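Two complexes, one shared chain (chain A), two partners (chain B, chain C).
Right after this comes the complex of A and B.
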């Protein structure tokens, strides 16, 4: 693993990257890169295919503004929502801000303080804190500790911890974009998992961390927050499986040539000196499984798309399923045009393709 | 419009030159006539200019209201109404809504620094200081809160319940303020609604909001938390009095933090 990464520091995971692990579990390239902690962004840049996404400053600003509205005045808005939704009792209003400890913001200090307060809260059934803003949790990912920072943890709602996730995408007419909700759900599942590990380490039942997370979003076109409960049991199972798989890479690593490395060899000024061609060769040993969804979650996506050009998988899973095992786009075209006889497995797909081809030429006539 | 003005200015300049020539050439009758023309022309120019700038002058007038007091006094005024350590944003919105004026939260930050400097150089020279609230556990400045030095120390210390307690207290203070006003203005009502909406049974809707009901509802919830909160605060205040010197009592100490964390670990 360390050999693959080279001497560079392993990149740090966060809730978002851990959540992204679940989006394309079949991709061997991604699994190896993530497990080794390779800086995928730098790698993709060096290969001339920089990631097509990043944090938009506008989205970040919007997110921060909304979060500060929800948390203003001891999270007054949130207390109202929790009282309405989860029957939070009246005396439960204690609010601990953990985004800095006595003016210090180092991860270690904050983590220690978070542990201290949450331990107290878990131990005593008494009112020893209800809302914990930005506590710092730790989760073990691929053998390395990762710091995670949920927006808020609420405790003592019927004796259970609830993760509260504040997102700034709107819920319009009680509907939100399903993709964004799914992303928020899996991200919250990461927090639930970290929290459960933590509670278990204290000797409590991990089940006191609820699998229902509270998602807080702006309602309609206003800044008024609204909340919903999301069951993340399914996401938890997937996540747990992915994290376990991250540690069991023997089957993939076994077939890799010894001495394979993806290091970028930065010189003293930080410029990357590794020849691109050499890196290209090394990367070819790690088989990607590109799907269009990768574009929004993986830094390597543009590079993998380039590699999978001409293959049917690049057109997305539904197309691939319909074409049933035909690997290249050129084969698809020749089957459709009838210039190549289909094999036994390809007959059904070929029939469909020829029909589609016929329809197309009938519709478009000569222009096709 | 400006073109017309420029035209006028050119004509006025010409007239002035003619007046000068007539006066120096010893023709007083002609000079007097030209002067009358000049005055008429200047009056036209004045009127044109007034027409051009009138709307700006009208809009500028109300913005000046309430800003006679220095920023420090304005902050104090708002804090006296709020009566709890408050975020600069709240101080500004309360001041703007209730007293009117052009206070900005940027000014507030530098203000607090000035206060500390002033206190350090000559302690107790002023009747009051704008100072920090202290956290109950470490007695360091609580983030983003402004307080007044004349308040009892227990009020300036914030514990885990204080955010809610102070929220309810501000709700009550604003409700009373609205009750006192003969015709409450929209900004004040909007501010009160932000509180009423998050207090159980305070108001069903913005239009149906009654300040007396808001105050009663807030008082009811306050009675639930008040004792526990006060216990936290008084205990911390007692500790602060024995541990901190005068300056640190008002502005908190950051030196203290390092030492305390070092002993923690």
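Right after this comes the complex of A and C.
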């Protein structure tokens, strides 16, 4: 694994990148790259096919503004919402900001501080309504510890922790964009999982971390926060399965040539010196499973799209299915025109394609 | 996605050219459409940044919000857009004067074009954020603002019904008529889609589409802007505008901002008009005009409501309204599907491939066949299509009033022989032979399917006042309050 990455530091995962692991689980290339901690962004750039997405500074600014509104005055506004939603009847709520102090603390120190406070909260028998802002949790991903920073963890009377996720997309007339809610749910599930692992390590029942996460968003066109509970049980199962698979790569790794590496060999100035041709060769051993959906989530997507040129998978899963799962567009056409006899397992698809071809030619006045 | 469309995509991959998937156009293209290309500020709920609007390709009107977080500027934008759009609608006597009756005569009416579905979603929210604004009280707005909100809501709501041509999205309309050699995800990017349809000489579609993915030469069609443009051009230009301390500096900063935004919008504006031009070249389907007349009538009804003091559209439908809407959606969908197939052999071919329709030759006709006193001729049709129908009523769009009941389906070597009992559409006189051409004759090619374009009555729903308590009781009438005007806006 380390050989594949080379001497570079493994890239740091965060909730978003871990959540992304669930989007195309069948892709061996991505699984190996992620498990090895390869910097996919740098790799794609060096290959001349940089990731086709980015964040607008306006979106980032808006996210930060909204988060600071929610957390202002010891999260007063949020506590009001939580009281309504979780029946948090306590008059007082303690608020611990666990953010980086003066930018000097190491991740490890911050993590230790978070652990200490959360341990006390989990052990405490009394009903202490407490909010922890930006605690640093740890999760094992592909055999490596990853630090995660949820927006907030709420601890409430019934003895359950709730992950609070603050997002700046609006909820308008009680509706939000489903894709955005889905993305927030899977990211929150990552935090729930990390928190559960943590309380389990203290000997508590992991279930004291609720599978209902609190999603806080701006309401309508305002900056006023509104909150909703989201059940992330399904996302937890999916995540667990993907993380387990990440550790079980033996079947893929076993067939890789020894010494395979994707290192970029930066020189002393940081310029990448690895010949692109060599990388191309190395990548060939890691089979991608490209789908158009990759374009919005995976840094390597443009590169993989290039490789899947001429294949029906590049047209989308539903198109590929309609074409009977035939791998190449050229094969589809030769089967449809009847210029190539189908193999035994292609017969069904070929019959359908020939019928489609006949009808299409009839209607467009072409010769069949 | 049907097999025929998927096959067309495979053809496009191999040939490098987009492939037709219809033989006619299934939308109406108005004589004077109104195009609207909006841009929104990233991260905000629904902050308009700029738009190019208008009904003349050569004279787009640029609307800019120089500081999108400023509420007054935002409603100033709505006011100017409202003036232009309502001025446009006022030019149609079909909406604001005459009474249009159900007819198949083309009428001139308003039609809104946007680049893509995200633009529609943006206009929907923009309608929501403006239609409850009030002309008095705190933060008053011009009368045009709530009226624009209600018009936009009308267009966006009606656009949910299949087959309408009131609001057309360029990417949606084009992909309903052509298949490219890329995926639906890539087709959603208007520049890449148009690169397949209007490929420059000497290039193939794929190469042209790849070139069109460069956001510097081909800005995204909005409403989301390119993040790099935001960072490198827009943010500094806005900061300069905010920092300008004297009128001269302010004007320079304003011009810089406007020219940057125009640069992002103009390519999309041209693409939308090219899309309109492409669609005009296709011959319209026979039943398109019937649907278009319905669109114009809907706008006319809406216009009357707008002027008789009716409240704005509610935030959410009440129980009865929602049930009615769903029922209408279902009926419209079924009719549209049938009309598309009846108008277009290539669409009918999809139904044939799926086994729900067949084309064949009449091999036998028994005219004088009676059930009681009613004439019930029998025909036998020989077809090569993979028919999966075994019983039920089918009809041929060329004899829409004549129902055919499937009696028997027999295998005849590679073909099928289907026996059909015909009823209706052949005159009322039992003693005399049916009028010429009212019945299929031997050797004629016929096309039968289970599709039907029959008028279906609206279901029975209680009136609003009689909404049962199980469904929340009668809905509270929409009142325009200033409640959300007070909110702290982002």
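Following the convention adopted for this analysis, the second predicted complex is superposed on the first by the 319 of 368 C-alpha atoms of A that agree within 3 Å, B and C clash if a C-alpha of one lies under 4 Å from a C-alpha of the other, contacts with A are read in each partner's own complex, and residues count from 1 in each chain.
One rule holds in what follows: contacts are C-beta pairs under 8 Å (C-beta built on N, C-alpha and C of every residue); 3 or more make two chains touch, one makes a residue touch a chain.
Bear in mind the structure is a predicted one, so any value in this text is a computation, not a measurement.
**Student:** Looking at A:109, would you say it contacts chain B, chain C, both, or neither? Reply first, second, both or neither.
**Tutor:** The first partner, chain B, only.
**Student:** For A:80 in the superposed arrangement: first (chain B), second (chain C), both or neither?
**Tutor:** It touches chain B, and chain C stays clear.
**Student:** Let me test your reading of the model: by the given contact rule, A:180 touches which partner, first (chain B), second (chain C), both or neither?
**Tutor:** neither
**Student:** Please tell me which partner, chain B or chain C, touches more residues of chain A.
**Tutor:** Here the partner covering more residues of chain A is C.
**Student:** I'd like to know which partner A:57 touches here: chain B for first, chain C for second, both or neither.
**Tutor:** A:57 sits against chain C, while chain B stays out of touch.
**Student:** Between chain B and chain C, whom does A:95 touch in the aligned arrangement: first, second, both, or neither?
**Tutor:** A:95 sits against chain B, while chain C stays out of touch.
**Student:** Overlap of the chain B and chain C footprints on chain A, residue-wise?
**Tutor:** Correct list for chain A: none, the interfaces share no residue.
**Student:** Give the list of chain A residues in touch with chain C in this complex.
**Tutor:** 52-63, 65-66, 168-170, 172-174, 218, 220-224, 292-293, 295-296, 309-310, 312, 314-316, 318-319, 322-323, 329-330, 332-333, 336, 352-353, 355-357, 359-360, 362-364
**Student:** Using the touch definition up top, name the residues of chain B that touch chain A in the complex.
**Tutor:** Residue list for chain B touching chain A: 87, 135, 137-138, 140-141, 143, 160-164, 166-167, 170, 195, 197-198, 200, 221, 224-225, 228, 254, 257, 260-261, 264-265.
**Student:** Any idea which chain A residues touch chain B in the complex?
**Tutor:** Per the touch definition, chain A meets chain B at residues 72-77, 79-80, 83, 90-91, 93-97, 100-104, 109, 112, 127, 129.
**Student:** What residues of chain C sit close enough to touch chain A in their complex?
**Tutor:** Checking each residue of chain C against chain A gives 1-11, 13-14, 20, 23, 41-46, 125, 128-129, 181-186, 206, 213, 225, 227-228, 230-231, 234-235, 315-316, 345-346, 349, 352-353, 386, 484, 487-490.
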